[in-house]
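Written below as structure tokens is the structure these notes are about.
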Amino acid sequence: MGGFISKKAKILGEVLGPSVILGESFIGDGTIIDQQVYIGYPKKSKLLRNPRGIEELDALSLGSRIGSKCVIRSQTIIYEEVQMGDVVETGHGVMIREGSKIGSNTRIGSFTQLDGAVIIGSNVNIQSRVYLPHLTVVEDDVFIGPCAIVTNDRYPLSRRLSGVRIERGAVIGAGAILMAGIRISERAVVAAGAIVTKDVPENKVVVGVPARIKMDRDEYEEKKRRYEEGA
Amino acid sequence: MGGFISKKAKILGEVLGPSVILGESFIGDGTIIDQQVYIGYPKKSKLLRNPRGIEELDALSLGSRIGSKCVIRSQTIIYEEVQMGDVVETGHGVMIREGSKIGSNTRIGSFTQLDGAVIIGSNVNIQSRVYLPHLTVVEDDVFIGPCAIVTNDRYPLSRRLSGVRIERGAVIGAGAILMAGIRISERAVVAAGAIVTKDVPENKVVVGVPARIKMDRDEYEEKKRRYEEGA
Amino acid sequence: MGGFISKKAKILGEVLGPSVILGESFIGDGTIIDQQVYIGYPKKSKLLRNPRGIEELDALSLGSRIGSKCVIRSQTIIYEEVQMGDVVETGHGVMIREGSKIGSNTRIGSFTQLDGAVIIGSNVNIQSRVYLPHLTVVEDDVFIGPCAIVTNDRYPLSRRLSGVRIERGAVIGAGAILMAGIRISERAVVAAGAIVTKDVPENKVVVGVPARIKMDRDEYEEKKRRYEEGA
């Protein structure tokens, strides 16, 4: 990547190698921007104005805001108008589209994609290769396993998008698929590989295709405790 | 990426930053090539000839043809002998292997992979992270949701590959898996998460694991209409 | 990518364009390192020491060892303390985290991720977009289809990780999901899209959600033989 740092950007952290930072982006103190990172990538409507070179892109970008003590690894692409709190870590090749907001102490695994206007809370742990489309909301303290897929259109290609909401403390297993518009309630658990077609109540654990309630969160925690002890 | 534009390439569009364009590639008028794009990547047999540096790779590459008014975003890799029509848009990190053909007015989402000799029609909308292996055919006006997986080998690792054909106007839901050799007929719909093990007839909607017919496309369109109205 | 080759690295092969090779890395004879490759990427604990620039990262990296006659394609990221045998081929965008070991004559498809301390044997064929978490073991002669997902935590987020073991000669179909801690025994076959929740015995073929035994490997091979003949 040809390194390019906008004159409008304010960078308190460290940029380790050639990266592109456009517009009035802000990079907080103690934050590490790896190389081959792109921050402030312009949304589609701006690309279609036929910019001629990186300076014109820079003039079009509104930039993004990255907090303090973050680690943004190589090949990560962050569009314009993204807000990220403090102590956020991204893996490699993460893509975060325009208008997304991320809290603090949150981890976003390699190759995970937040496809625009996605809201992520604090203390969230999203593993690698997760797909979160436009309008998804993930509250605080949620865990999302690798390769989980969230959707936002019940009858594609419709004119109505319905974001999924994953409430505080919920756990989503690897490779699970969540249908458009559903709510995963507080402390609910979705098993790996489950396909969830309707709302999951608080503290319930769902498994299977389509997903059905199998137990309560308390029972899950008890099983987990025994598993951790090696039983 | 160290920028390199072959002297043999003909570029009418705009290259926004360091990218590699090899061989007798053609880039149409009004097309935007973002940075970190690779066009004309040589297929394996040429890499194994032990090229020493990019000039030797350039001499080996046959190049590719990109039409007019396309947008090719960063980290996209297009192998040699690819043909792309006009007004085609790729997301970031798209990979298109050798011998693939893409019509016009088609969109290919971020991190989607066309794994060689894949034929895509016009007015096709392929979302992010879709995997289309060697020999897949996608006709005009098809929609493919994010993370869908198409296969081409019924008994891996066999010596016979059987491409999937997705016919005109069909809809493939997010995360669906299509088995090798099947045909998704015109205007058929595959629900999100479905695993399709046999041909789907025209105008039928299939759901589940394994996928079974649930309704006609007309009924689907009626449900969709009510959903869009907020019912 | 800003090219950077550590003075401590020993490179017998060819580096085709700007890539980063850190620490006491070794690149064997006849190996091709494409451009935009990163070898010797430091693990997290080192990034958190707040290195200022690539030279400090280089001082922290222990490097990795790549054998002879390998092909490492663009955008591949190999962390430190990785050992790779001879004649290994990676696609584009492959990610291999610290402490992983890979035998010889093995192929790792594009965008596949080995998430740390993953052991891969020789003559293994891993297709594109496969996810193998920390502690996964893949023995010799295994085939893993595209987009397969392996997990390592039965009750996320637990303190105990249980790696999956895929034994010699096993076949894993596209998009299959393997639950934490299970063993896929020698020459077993997992069908595409199957969700495997318990050990699969030797020479058995499992299909479905959850996966159940459907036939023996011998019967599978007979079906495969007829399929290859076009029946």
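Chains here go by letter, A, B and C, matching the order in which they are written, and residues are numbered from 1 within each.
Convention: contacts are C-beta pairs under 8 Å (C-beta built on N, C-alpha and C of every residue); 3 or more make two chains touch, one makes a residue touch a chain.
Not measured: the values here are computed from a predicted model.
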For chain B and chain C, chains touching each: A
Superposition of chain A upon chain B: rotation angle, C-alpha, nearest 5 degrees: 120
Distance between chain centroids, defined by C-alpha means - chain A, chain C (Å): 24
Multi-partner residues of chain A (at least 2 other chains): 1, 36, 75, 93, 111, 209
Residues on chain A engaged by chain C in the complex (per definition of touch): 1, 3, 14, 16-18, 30, 32, 35-36, 71, 74-75, 92-93, 110-111, 125, 128-129, 143, 145-147, 171, 173-175, 192-193, 208-209, 220, 223-224, 227-228, 230
Chain A partner contacts - residues on chain C that touch it in the complex: 1-2, 4, 20, 36, 38, 41, 44, 47-48, 50-54, 57, 75, 77, 93, 95, 111, 113, 115, 131, 133, 149, 151, 153-160, 177, 179, 195, 209
